[in-house]
Structures are given as C-alpha cells and as structure tokens.
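These are the structures, in structure tokens.
There are two complexes below, and they share subunit A, which is joined by subunit B in the first and by subunit C in the second.
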Partner chain A sequence: MLLVQLIVSGLQTGLLYAVTAAGFAMIFGATRIFHVAHGAVFALAGYVFLSAYTAGFGWTGGALAATVIAVAFGAGMERFVYRPIQRHEASFFTVFVASFGVSIIIQSLIEMIFGRGFVTLTTPLAQARPMFGGIYIAPMFWIVLVVTLVVFAVLWAFLRFTRTGIGLRALSESPELLRAYGLSAQRLSALVFAIGSVLCVPAAILKMAITGMQPSVNSHVMLISLASTIVGGVGSITGAALGGLLLGIAENVSITLLDSQWSEAASFIVLFAFILLRPRGLFGYAVTR
Partner chain B sequence: MIAYLLNLSTLIAIFAILATSLNILVGFGGIFSVAQAVFFGVGAYAAAQMALNVTPDLLVDALVGAAAAGALSVCLALPALRVRDEYFVIASLGLQMLAVTIFIDMKPLTGGIGGLVGIPVPTLFGLSLANPDAMLAACVGFLVIALALTRVLMRGSFGRSLMSIRDNESAAAALGKNPMVLKTLAVVLGCAFAGVGGALYSAQIQFVNVESFTMDQSTLIMAMVVIGGTGTLAGPLVGSILILLLPAALSFIPGIPPTEIGAVQQMIYGLVMTLLMIFRPGGLVAFQAWRR
Partner chain C sequence: MISRRKVMLGTAAALAAPQLMRVASAQDAPYIVGTLFPMAGPNAEYGEIFMAGATLGVDYVTKSKVLKRPIELRSVDSLSTPQGGAVGMSRLVNVDRADYVLLAFTGVCKAAAPIGGRAKTIMCNPGSVAPDLSGLSPYFWNMIPLVTKELDPLLTWMMSKSLKRVSAIYVDDPFGNGVMTALKPALAKAGGQMISTYPITPTEQVFTALAAKIRAENPDAVYFLSAGAQQVELVKQLRNNGITQQLVSAVGVNIPSILNLPEAKGLVFTDQATNWNSTDPLMKTFVENYRAKYNKDPMPYHLNFFNAIVLFGILASTLEKQGKPVNGDNLREQLLAQRKFALAGGTGEFDDVCDISLPVAVDEVTGDGKFKQIG
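Now for the complex of A and B:
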C-alpha cells in the first residue's frame, strides 16, 4: 500500500517536473541554447504568484501576474542576453555562463526579498483525504493531473496544427531553410522562449500550493530540467516530459529503500545510469563518441 | 586589523589555488564543471581527518587531500566525458547537489552538520604554523607552486594538446590526440589542485563543515575564474582577489544591512558574469578575443 501511495505522490511530482522539463527541452531543441536560467523562471513565477495571491488578487490574478513575468523574462533573456552573445560568437561556455549568471541574480534577489527559508501558501486543497484502500489523496492531485494534461494537449495541438507551431518545429530542424521560406527565425526564437517559460508557470504555482518553495528551488529545477532532457533524449519534448515523470516517481519511490533526505539522490542515480548505459536517452539520437 | 588582513590574504591565496584548479578544467580543457566545491570539500575533509588522527603536517595533508579529490574526480570524469560537453555540466551539477547530502549524512567522516572541530595547528617540515605570517607564507608558497605547475604543464605538450582539443576536438583527434585521456587527465589534475586548496582551508580555519562546500561556493569559484579570465594564468588570481575584497568593500557602503551582504555580493557577481559574457567573454584580463 505504501508503494501505491508513493507512486501517487511520485506521479504528482513527476507531472510537475514533466511540464517544466518540456519547457526547457522545447527551448533547447529549437534554439540549441542551453538555457539554465529556466530554474530561475520557475522560482520567479512561484514567488510572483505568491505575492499577487497574498496581496489579494486571488488565484487568477496570481496566475496572470506569474504568466506575464515569465513571458517577459523568457523573451527578455532571448532579446538582451542570448541574441547579443550569438551576434559575436556562441560557444557553449559563453551562453552557459551568461545564463547561469542571470539565475544567480534572480536567486539572490528572491533571497533578499523573501528570505532563504520556505514560503508556502496554505490551501485546504493540499490536504490529503482518505480514498479507497487506505490511500490518501489530496484534491490537489486531481488538479495537477488535469492541469498538466490540458497543458500538454494544448501544446501538442499547437505544435501539430498551427502555422506557428509547425514553424517552431522547423526551427529546430533547419533555421536556414526556415529563412528561405520567408519566416523569421528571430521572431520564432523569441516566441519559443516565451512559450517555454510559460510552461513553468502552472508547475511553479502548483508546487507553491503543495509544498512551498525556497530560493534554492532554482538549482533544483535546473538539475531536474537538464536531467529530464538527457533521460528523455536531447531534442525530444515528449522524451523530456517522460523523463520528468520518471524522475519524479523515482524520487518518491526511493523512500521505500532509503531515508527521505536521499530522495534527491535518486534523480542523480537515474541520470547517471542513463549517462552510463543509454546516453542518447529514451528518444534521442546517438551522442557517444 | 593586521590579523584581519593576514587572514584575508591567506584566504585569497587559498581561493586563488581553487580558481586556478577550476581554470585547468574550464579555461584550458573546455570542460565545464559546477562541482568544484565538492572536490574542495573532499580535500578539506580528508586533510582534516589526517590532521586530527595522523599528522598535522601541511604538506602530507595537502597531498592526501589532493589524492582523495583526484580519485573522486575520476569517478565523475570517466562516465561524463564519454558524451557531449553539456553532459559534464549536468553530471557535475547533480554531483554537487548529491555531495551536500553525503557530507551531511556521513557523520563518522565529516562530522555531519556540526562539521569537524578542533583541527590542530598545522606544521610544515617540523615547524609550527601557529603564527598567521607563517601560514600566509605557506599558502602563498603552495599558490606559487600551483601556478608554476600550471604554467609548465599548459606550455608543454600536454597543455597544447588539451587546448587543441578545446578549440577543435575533431581536428585534434585527427592529428592523433586522444581527447578522452587528455580531458580525464585535465579533470584529475584540476580536482587534485582543488583538494590541495581544501587541505589548506581546513588548516587555516581549523574547522570544516558542509556550509563551505555548497552550490554557492562552486558558483563563487566559477565567478572568480570567469570574471578574471578563463584560460589565462593571471585571470583566476585577479578574479579571486576582486571577489574576496567585495564583501569587505560592500560593508563600507551605507544602507546595506550586514545580513544582506551575501545576497548583494552574489547578485553583483551574477550581474558581472552575465555582462562580461555579452561584452567581453574572455574575462577581465583577456588580451585577445576568445577564439571559438
């Protein structure tokens, strides 16, 4: 029974990881930019939501504020950090350090305003209720399930059927060909950053409501997004989502074997196992030398 | 005041060794690691255990620290270097987060959250280093050796091969260089240096706990290298001086509460790192544009 309970909570964590990682994978796949500040967007969205919520704007107001900030941050990173760097050169190192620098700025800004400790939002929705067979499930679980499934359905439909979505997929295949067809690779890059960052918003809000957040969530989300992308296979959004789900479940199920402070280690072990045994990930292409 | 300045200078020497150690990976090897504080920590814990149980001799402890950190780095390098550059960053990020848990949990070796206290005053060649002047001289000595060793190695065949791999791996491999072996050697060398830094640190502070080996510390070391200038000898030196003087400089500015200095400091070097990457990616002491 404990195992079922842990799988349920793992599913909840994993679904949140899945949307977040899908955002990172989408940005990385389309632009080849290693956007490690993705963790910072997550933290930013969570804290902005909390501020707006406690200021009395409610769930909708909070979500709206978080969305606006995430879009502005994502598009701003593309416009003011990555584009100037790519104008002179774009080595992995330069992009990584610039992005990492921004994530440090955001994390210390949050530390200054909200302190280093946990902040949380108390909602009755996060309280567990007994279900069939002695399993406890909070209403939040169903909310997480519905929200993430809706987000993925919308994302899938957008990428599959709209002209812009098809353009985005073309961007990851061949930016040159895209230009030959008269589409603007620059505009699409800005768009993919905006969309990828917005994917953090639902996950950040739900995490805030379920467990709360501390500023160092930034590096945790950074690791999870990167690890899911590797586990799922570089360049595959579906892969990253499944990777996130797998890491979330592994984190929770590991509690049956190890003490709870080791749950973070579980994601590291999964990541390392993939690097050792299947570096291309679930759906990626070969990357070994 | 003198005691404060001596302590600060000793810390600058120690962190300059750390920054130099990371520079071997990042600057010369083109391998990006965000786990340098882990190897710093392993060196510090190993040396502290040696000082507590075997001998307070600084040279012996530093070598043990270097060996421990170097050995651990092989475990990271072998799997992670098999694949693309990004993978090493991610594996090191994972290692950094995991290592903090391990440091807290392995109480017999690390003392847990409380850390290891009462590390004896170090000695060198039988002489006590209780005097802060002597400790400073010893640390500067280690720094000079580290810099000289880095210069000799990077000017020689090893360094040139390493840099050729950094600049164009396929071309270097076509010329018969083995990227895997050379990069692994660079990682082991860099991490062993970090272990030396850790040994000196534990001898200087006479106390080690997990707080010094977190992600924030790794970030700090990286900022030193990046701000100073990657792939140069003077860069990490300049970077560590600037960054360690920053908290002292900030405490003179009115209006910043002392509790916020840490966050303000982090924000400043985050900002400087990002701006440098946009406008001057080679760092402050770069005399030529980064060629890649």
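Now for the complex of A and C:
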C-alpha cells in the first residue's frame, strides 16, 4: 500500500516536472540555447500569480497575469539577451553566463519585491484525504493530472497540425530552409521562447498551491528541467516530459529502498544511469561523428 | 636662519605626524562589528531578522553614549554554508578588522570558529542552538540557550501530553546531527521512544513520500529540525498529506513564514521565554524602538541580536573605563569576570565555556502570525 501511495505522490511531483521540463526541452530543441533562466520564469510566474491572486483577481486573473509576464520575459530574453549575443559571438559559454546572470537578477528582484521568505497559497484543494484503500489523494492531484494532460494535448496538436508548429520543429534543423517557406527564423525563435515560458505557468501555479515557493526555487527547477531533458533525450519534448515524470516517481519511491536524504539524489542517480547506459536518453537519437 | 636643530626637529615632526595621526584616528575609529548572516537564498529570511535586531542594538548603544567610539556594522553574506562562513570570517578579520562578529547557523559557526580563534576575535552566536557549538573556541560565545537546555522543558511537556512515540525528521547537517545526538537519549530518559528518524538534505523540497511513510508508522508526535523555507515546505506538506499528529520543533521555527502558515497552527516549539509587555526599562526600550521602526512586535531572534550588541557595549565600555584595549582577550576576560549581565528580557549568565543561560519556554503557534506560551 505504501508503494502505491508513493507512486501517486511521485506522479503528482513528476507531472509538474514534466510540464516544466517540456518547456526547457522545447526551447533547447528548437534554438540550441541553454536557457538557464527557465527556472527564473518559473519563479516569476509563481510570484506574479500569487500577487494577482491575493490582490483579488482569483485563479483565472492570477493565471492570466502570470502568463503575460512569462511570455514577455521569454520573448524579451530572446530579443534582448540571446539575439544580440548570437549576432556578435554566439558562443555557448557566453549565452550560458548571460542567462545565468539574468536568472540571478530575477531572483534578487523577487527577493527585493516579495521578500526573502517562503510564500504559499493555502487552499483546501491541496489537502489530501483518504480514498481507495487508505491511499491519501488531494483534489489537487486530479487538477495536476487534468491540467498536464490538457497542456500536452494542446502542445502536441499545435506542433503537429499548425504551420507555425511544424516551423518550430524545423527551426533546429534548418533555419535557412524555413526562409524558403516564407517563415522567419527570428520570429519563430521568439515564439518558441514564449511558448516554452508559458509551459512554466501551470506548473508554477500548482507548485505554489501544493508546496509553496521561495525566490531561490529557480535553481532546483533548472536542475530538474535539465536532468529531464537529458533522460528524455535532447531535443525531444515527449522525452523530456516522460523524463520529468520518471524523476518525480524515482524521487518519491526511492524512500522505500534508500535513506530519506537520498530522495533528491535519486533523480540524479537516474540521470547518471542514463548518461552511462543510454546517453541518447529515452527518445533521443544517436549521433555519429 | 635654519639651524641643524630646527632641521632635525622638523624631520622628526614630519616622521612622527602620520604615526600620531594614526593613533588619533584609531582612537576615533569606530568599533567594527562584523555580521556573518545568510542574506540570500533559502535562509535569507533569518538574515533579515538578525540584521534588524543587530541594527537596533547599534542604534541603542550609540544613543546611550556608553562608548567613546562609535560602532559600525560590516555585513558579509554567509550563504548559511560552511564555505560562506569560512570565506566571510576571513574577510571580516583580515580585511575589515572586526572587533566583534555576530554569526549564526551551525555550519557557518563551525567553519568560522578556527579563523576567528586564530585572529583572537570574539564571535558571538545569538541564533543557533546545536549542542556542539558549546566550547567551539575560547573566543566563541553562545548568546542563545543551546538546544540541550531546550529539550528538558519540551520533553516534560510532551510526556505530560502522552506524546511518547516520536518520529523525527532532521536536516542532515551539523545542526541536525548535533541536536539528534542529544534528543535520542533525552527522549528515552524522559520515558519516550524514537520510533523512526528521517535525515533530509538541506536542499530537499518534496516531502510527500516522507509523509506517507510517517503516516504508516502512526507516531504520537513528529519532531522536526530544519531551517528557513525548507521547514515551511515540510510543515505544509506533512499537514496536507495526512499527518495530523502533534508537530514539535525548536527555536528555528519562530519566523514569520511559519507563524503565518495556516498549516502550522498548533505546532509546538521551544524558545527562550520573552515578555514583550515587560516593565524592565531595557526591554521596554527595545520593544518600543522595534515597534516604532517596524510597526509590529519583535521576535526572540531580534532580542538576541539586540542583546549581543548591548553585551558588547557593556564589555567595551568597562574596558574603556579601565583603560584597556578592546580586543578579544580582554573582552573574554571581562565576560568571565562579570558573568551576569542585565540584558533586555532578564539577566543572562555565562558559564565557563561562555554559553548563556536564559529561561526557556514551550510555545504554540496560534495560527494568526503569533504564538502563545504553554509551558
């Protein structure tokens, strides 16, 4: 019974990791930019949501405000940070440092505006109740499940059936070819940052209600997103999502085998196992040089 | 006509002038009080609280004019890590030449103590309660009752409520390990039983699995030890995942994030006894100054850091009157000579290893941002 309970808890954690990691994987897959500030978008979305919610705008108003800020931040990063760097130098390290710097600035700004303490949204939806056979499940679990499924369904349909979506998938392969089809690589690049950032919004809101948040949450989000992307296979959104799910479950279930302080490390044990045994990840493809 | 004597005198005066000026400026130079607090990251909330208390202390000592020289605070971010503590302490003693350093967090204290000890700089800890901070260095003072002094009242209260089977969650660092070493035998001696212990890493954020395991064990109480944002996440997730048992902890939970958390209502913790309505003039001044500046009631941490500066004021003023230099050796000698000090909130008494004793209370979080004394 304990194992079932841990799998349920792991699913909830993993679904949130999945949707966040999918955003990072999407950006990295399309642009090959190591967007470390993805964690900062997550924190920003969470704090903006909470401010709007406590100001009386409710869940919808809060989510809308968080989405607007996430889109603006994501697209702004592409336009004002990455694009100028790529125009001049475009080295991986420069982009990484710039992104890391922005991430720290955002964390400091959040600390300055919202304080350095822990914030949370208290809702009865996050309180678990005994259900089938003594398994404790919170209403929030079902919300996480439905929201994640809807987000992935919409994302899949967008990437599969729309001209822009297909363009986004082609962006990493051949930006020149895109031009031949009348699509702008720059515009698509900005769009992928906006969409990738929006994917943080539901996860940030749900995390705010389930566990709460602190300004330094960005580093953990970034680590998990990166680990999920590697486990899932670099460039694969489906892979990153499944990777996130796997890491969430591993984190929770590991407590049955290992000491409790290993639960966070469990994610990275999975990551190392993949790097050693299946470096291309779940859905990545092997590359020969 | 310029004689040889005049030339010699002029040269001597020119050579002596900078030296004399240096002596004169040293006499006017402020006392440097270093602060080694976490100012960023998950424990930054503590840094803000500590700094507010220390700043009030400096304001008070400055206004009371007990010292011939002013006091100046120099702040370094400890990051609440041993590395941050070592780097910060080195800077404070070697670059800022601090006369007195306020610090907290067990890992930080342990890393900083040898550095401060070598420089013979007094390090005063008004914020961490791990038992192994006792006697860390001859120059290391504990200005807060260590957890060994908190355990007896807590365990007495727990046994009176028949909370005998205890599960413990503790952060796997010097603080958590130190407290657990003291808790296990103390609990057994009090008639209780530690049924399970769960070490967690300082960065861990998801505790749903832990809640599931503890729920299956059905203890009478869950004792937890962590710091900052992590303990808030812990309480929220334990409560939201079906842990209805009594939660108990130590002084570290007395921060706004916990006191304002609805899930923390009913949480019991130990802390030094405080009475904000006391008529003691120093306490009254402290509370009034705090309320005037922040428009709310202070917390015990504010009081401790305020008192740490007041203590420095008392000791340095005595040394000034005796014509002795204010340095680590003399401050320590004076502390051990005097032992008892009239501080805000009561008399603090230091033992041979410079650990303070103050009355300890058992408090309960009331759920409206406050707590009440229950034992």
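Points to keep in mind about this one:
Keep in mind that, in the parts below, the second predicted complex is superposed on the first by the 282 of 289 C-alpha atoms of A that agree within 3 Å, B and C clash if a C-alpha of one lies under 4 Å from a C-alpha of the other, contacts with A are read in each partner's own complex, and residues count from 1 in each chain.
What we mean here is this: contacts are C-beta pairs under 8 Å (C-beta built on N, C-alpha and C of every residue); 3 or more make two chains touch, one makes a residue touch a chain.
Being a predicted model, the structure only gives us computed values, none of them experimental.
Overlay on subunit A: subunit B and subunit C clash in the combined arrangement. With both structures placed on the common chain, the touch criterion links A:L282 to neither subunit B nor subunit C.
Once chain A of one complex is fitted onto chain A of the other, the partner contacts of A:A170 are absent, as it touches neither subunit B nor subunit C. In the superposition on chain A, contact is made by A:I85 with subunit B only, not with subunit C. Using the contact criterion defined above for the overlaid structures, shared-chain residue A:E111 touches subunit B and also reaches subunit C.
With both structures placed on the common chain, the touch criterion links A:F96 to subunit B but leaves subunit C unconnected. After overlaying the two complexes on the shared chain, residue contacts for A:Y136 are found with subunit C alone; subunit B is out of touch. In the superposition on chain A, contact is made by A:E264 with both subunit B and subunit C. In the overlay built on the shared chain, the residue A:H220 is in contact with subunit B and with subunit C. Legend: residue contacts after superposition of the two complexes on their common chain; A:L64 is shown touching neither subunit B nor subunit C. Of 115-123, 151-159, 169-177 or 223-231, the segment of subunit B running into subunit C after the two structures are fitted on chain A is 115-123. Once both structures are placed on chain A, subunit A residues 107-108, 111, 216, 220, 259, 261, 264-265 are touched by subunit B and, in the other complex, by subunit C.
By the touch rule above, subunit A contacts subunit B in their complex via residues 34, 81, 84-85, 88-89, 91-98, 100-105, 107-109, 111-112, 216, 219-220, 222-223, 226-227, 230, 234, 259, 261-262, 264-265, 267-268, 271-272, 275-276, 279, 287-289. Listed in rising order, the residues of subunit C touching subunit A in the complex are 40-42, 44-45, 47-48, 169, 172, 198-201, 203-206, 208-213, 215-216, 228-229, 232-233, 236-237, 239-242, 255-257, 261-263. Residues 1-2, 5-6, 9-10, 12-13, 107-108, 111, 115-118, 120, 122, 126-130, 136, 138, 210-212, 214-217, 220, 251-255, 259-261, 263-265 of subunit A touch subunit C in their complex. Interface of subunit B with subunit A (complex): residues 26, 30, 32, 34, 79-80, 82-87, 89-91, 93-95, 97-98, 101, 104-105, 179-180, 215, 219, 222, 226, 230, 260, 262-264, 266-267, 269-274, 277-278, 281, 290, 292.
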